[in-house]
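Next come two complexes, and both contain chain A; in the first it sits with chain B, in the second with chain C.
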Partner chain A sequence: MGLQRKQYATAIGFLAPAFAIFFVFFYFPFLQSVYYSFTEWNGLSAPRIIGLDNYKRLFDDPRMIDGLYNTLKMVVFGLLIQNPLALLIAVLLNRKFRTRAFLRTAFYLPVIISLVVASVIFGQILRYDGFVNGLLTAVGLDAFAVDWLGTVKFSFPSIIVLSQWQAIGYCAMIYLAGLQSIPPDMFEAAEIEGARGFVLFRHITFPMLMPAVSIVLFLTIVGALRLFDLPYLLTGGGPGTSSYTLFLAVYNSAFVNQNFGYATAGGIMLAVLIILVAGLQMAITRKREVEL
Partner chain B sequence: MKARWKLLTTAAVLALSTALAGCGGSNGQDAAPSASGNGQQQTKAQDTNDKNFTIRVGAWFLDDRPHMQVFKKAVEEKYKTLYPNAQIQWDVVLGSTYFDKLRAQFASDSAPDVVFYQGQEFAKSGNLEDLSDEPWVSRLTDGAKMDVQSHYNGNTYALPMGMAIGGGVWYNKKIFADLDLQPPKTIDDWMQVNEKVKAAGKVPVTLGFKDSWTASMFLSQWFVSMGFSTDPQYGMKVYNGEIKLADDPAIRNVMETFEKMKKQEHFNKNALSIDWPQSGQMFASGDAAMIMQGAWMPGTNADNIQKGGFEPFDIGFFPLMDDKGNVSIQLSSNEAVGVNAKSKLKKEAKDLVNLITNQEIIAPFNKGEGSLAVLSDVTVQYDYPVLDELVDLVNKSNVIPYRLQNFIPASAHTSLVEAVTKVVSGVKFDPKDLEAAQDNFEKDKATVILP
Partner chain C sequence: MQMEKKAPLFIELILIAVSLIFLFPVFFLVEMSFKEPGIFFDPFRLPNSLYLDYYRAAFTKMDFFTGLGNSLIITICGLGLTVIVGSMAGYVLTRRNERLFRFILLFFLTGMVIPAVGSIIPLFKMAIQLKLVNTRTLLVLLYTAQFVPFASFLYSAFTKSIPKDLEESAQIDGCGMFKMYWTIIFPLLMPATGTFIITHVYSIWNDFLTPLIFINQAEKMTLMPQIVQFMFNQQSINYGPVFAVSVLAVLPLVILFVFTQKYMIKGLVLGSVKG
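Moving on to the complex of A and B:
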């Protein structure tokens, strides 16, 4: 046995256990789910093959369509509001001032709190007789008091705002780590050349921060596309279908409507969407990354 | 070489005999649940009642309410007299997650031996043992024999735990007396009652629609009176396509009545952001005059009053009605208990179901749940006078064993519930919202299991 063949055998020996685990718990179920996506199946009776019907149905199901719109709103909000805000906070937290350590902790603290616990608390705060409306009433703005999670107009915007409570701090910490990894001599050299303020940020800080931007954008987009827990816990997708997300629509198809074949088709389409969007984003941002 | 072969053979024989002795050694000890999940090891005393085994019972409702604890204890004690060395393992997952788990367990042959369940699909898919020959079947009342979820294709697959009304409106008798109000007979009457309650500074009807099942219950019980009371074939006509969900006057009427009640502020303003227990608290505190709930309400309300330290009051009941005062009451089992068709302890599981039919076990359960007895020789003494009034009302009313949900797929019903929550949130009812229900009905019609 030549050296190369021995190396192959050793490599296979090391890879086999991991492959077996992946095959049993990931690849095989995935292949099975592809099969189920072409069937009508309630999880109990034998599946009945119905061709592409489940995939066609995805495009005229109000829950999926509303879920898609809401998911896209979340993506756009994440890109245009959450991301710049996190960057701004990171830049501010990177400066030297007395309460810096406290503020860094305060911004990161929401990340370590269970979303279920946070949802229960926010649910109480936002209900009609909750804290927010109490505050509005106290300052004479009771005309603006609404059931924030119980109206079609405000249910999903409320969820978007709540999601930022955790997301902004998390993204800000990634940006902060990126800012601290930029060598100080880069700034010193730029300052000697006369760069100040926004010019310094645009031509030095931001290009050097691109790896962090790539990661944050990836997390923001993927996080938005797979948003499930907040609408599931706070509104169940309602009122009507106003706060559905794609992920919740898939979940409810399976576990509320017992339509597991259709839900599987939705899950596969969602996975494809996430891969495409995330791949596109990575391709764009990776090109702009600067290597030292 | 020969000596070595002999040594190896001897060692192998010793190892085998040790292993066999080890198997035999489990006799007389409590058996641990097997990997298959059917949870028991057969002992040499296979056909005697003194064998050791653990029998698994799956349920979603056995919580810490007193009558549930009494039920569990009574079953355990009675089963001990039948099988002194048996253990009952209660596999309880509270709420609807139980059914997701149960599906997965049936799919992987690891479901409990005795299964509490709802719906017909478990019987249809062959997961449940046919119990038609069990001794208690002949004791079932006529109403219980018609129960949809415990029967399929003329066979009995489960013991219905009690016949309960699908739901109705419970009202605070003190508030009604103070305001000189009578239980309404028509929708117009109800609107007038609501206006008077509202004028007195109380919430007329409290909703806890954050729990979507409460919206589902309200909706489906209104369809029972709006749809079935004048046409017993209403469900079949929907199923056959003679009545379309998208343009059915009965469904539109329900939606428009919800809209009217919302507009006239007959519901609590936090209807969509509080859950069922919170709406129950609102009713118990006297802040709301009415609540739409199931037969468990008298017991739950008494419990809420005690825990919340509220002023006690008697409650009354009236069913949901149509414009002309027509009423139908849906009576069916809330819980059914069957036997896993693949259980290795079928006889023991059947015995467990059989012992539940004892007066001292099932009657306190019915009393706590506010349900009617399903066995002709069982009598239930209720703690709350309103339940006796309810029994009288059921006996005098047009009773049906099913509801619209039995004739349409779950996806279509979900669309109807979504349309209601939208209306209750304050959005004007748009008949186009019913098209989603019709669309889902047509696409998933094949999944319907007709009663």
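Moving on to the complex of A and C:
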């Protein structure tokens, strides 16, 4: 009995450091942020409770609204374009190639490069007299040479396309690993039954890939909602508020405008959005996983 | 009968073409860091010679080694601390099934769902109260807090594959649990440690937001915010040195990537599936 109690205590001792760090530096601040989101607070004077005012104001703020729209655009783009492309690349890569190692490295290498460095690169490639416009002019398409990051119409679409440089390779690698974990005899059996090409993909590959799809969709959504570095560094959210993301709007209202209560309300809204969308997506894909 | 899925040549060629588009920005990064001022903004001219002035400027105009040192210290300590506390937690979370431990497991799970965005401001206030603003210690603690749930899950999953009799025989020998863990169990959990490190080293090294918010002294700055500051100071006059610094900041990761690629992709999947 004494020994068992001692073991129990030691086990708690094993858990305690991780729990303490997690609680103090992650969970507790989160709980506090829920409280602050109902207050007016500039970080200096004491917070004053104002009920739901911060949340109401979120919907009158063009930065938050544009941020929200852009964030949702990004999610939709991620689901409808980035994912199918990543899956396509993974399916094509999942064969015997002489250049397979090279190809895999080429698609994955961008993932390890920081967004700061990516911004340095793309800031120059996309500048008005930069590489992309130079290329367009050289092939006689100068009519399409625009200020990619400096116009309301193009700034955010440009950022979405740039984000694909890393996102596609990352998702493709998860899909590729998912494909490789499908037992080959499943394909053989299906082929004996006469399944070929797209039918094979639709009825064997895709259902077997559902867990990977689930993970990739989750990462896509969370990634879109956390987008900060690229707009912060490349456009500052501009011109106007055209390339704001929610995350950037939250950051600016906190650290530029010192409006802490309001910023936490934005943060909570972002958190709720992430949990809702991710939960919804999990519910949908998990259901399909079970069905098949 | 093993079906050999040989790809047609044209698919391979298409993939190579697409992969070159993916590689182009990396090539551009390196190219620009060697391109002399006269042709710097001409997008179609390649560097004539190995022009090294930007690298010289990178070392003289910016305190590169301070940034490198800080990035190294924070990355190593952040990963190290997470491995130490996360592995111990993951181990007992698998081995004990009292209610408390199951509850904590769920509690960690919420940490993987809640995004850290909203908490930045309360954290900032707490850091001031604890006198941790502008310290590398704070960054290490923040990264650890953020990664501990994932690490615990990973170690918990790997612990399941370690036979229990190992520990039982060690207990008879009179080993204390703590000593037994570090001498017998932890070495067996090496694959989990490797997986964790090669998938998370990039998150810390490349992080820009956390040091941007919590560090505002040049001598404690990590590489990423340092590059941004350097870029803003250079303004539009010449980006050459910024490219040179960027190459230097990316280089350690690329070298690491080349050597751990195989494990990394494996770990990426293992991590995301088990997490």
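Criterion: the second predicted complex is superposed on the first by the 270 of 292 C-alpha atoms of A that agree within 3 Å, B and C clash if a C-alpha of one lies under 4 Å from a C-alpha of the other, contacts with A are read in each partner's own complex, and residues count from 1 in each chain.
The criterion applied here is as follows: contacts are C-beta pairs under 8 Å (C-beta built on N, C-alpha and C of every residue); 3 or more make two chains touch, one makes a residue touch a chain.
Here the structure is a predicted model, which is why all the values come from computation and not from measurement.
Of the two partner chains, chain B is the only one that A:T241 touches; chain C does not reach it.
By the touch criterion defined above, A:L149 reaches chain B but does not reach chain C.
In the overlay built on the shared chain, the residue A:R57 is in contact with chain B alone; chain C does not reach it.
Within the superposed three-chain model, A:G43 lies in touch with chain B and with chain C [touch as defined at top].
After overlaying the two complexes on the shared chain, residue contacts for A:G67 are found with neither chain B nor chain C. Look at A:N252: by the touch rule set out above, it reaches chain B but stays clear of chain C.
Comparing chain B with chain C, more residues of chain A are touched by C. In the superposition on chain A, A:G223 makes contact with neither chain B nor chain C. Contacts of A:L233 after superposition: chain C is touched, whereas chain B is not reached. Of the two partner chains placed around the shared chain by superposition, chain B is the only one that A:Y128 touches, whereas chain C remains out of contact. Overlap of the chain B and chain C contact sets on chain A: residues 43, 129-130, 255.
Residue ranges on chain C touching chain A, taken from their complex, read 1-7, 11-12, 14-16, 18-20, 22-23, 25-26, 28-29, 32, 41, 43-44, 81, 84-86, 88-89, 91-93, 95-96, 98, 100-101, 104, 107-108, 110-111, 113-126, 141-142, 144-146, 148-149, 151-152, 177-178, 181, 202, 205-206, 208-209, 213, 224-225, 227-228, 231, 239, 242-243, 246, 249-250, 253-254, 257, 261, 265-266, 268-269, 272-273. Interface of chain A with chain B (complex): residues 40, 42-45, 48, 53, 57, 60, 62, 123, 126-130, 147-152, 155, 235-242, 252-253, 255-259. Every residue of chain B that touches chain A in the complex is listed here, in rising order: 96, 100, 103-104, 106-107, 121-122, 124-125, 127, 209-210, 212, 268-274, 409-411, 414-415, 418-419, 421-422, 424-427, 433, 436, 439-440, 443-444, 446-447.
Contacts from chain A toward chain C in the complex involve residues 7-8, 10-15, 17-19, 21-22, 24-30, 32-34, 36-37, 43, 89, 92-99, 102-118, 120-122, 124-125, 129-131, 134-135, 138, 165, 168-169, 173-174, 176-178, 181, 184, 187-188, 191, 211, 215, 219, 222, 225-226, 228-229, 233, 247, 250-251, 254-255, 260, 263-264, 266-268, 270-271, 274-275, 278.
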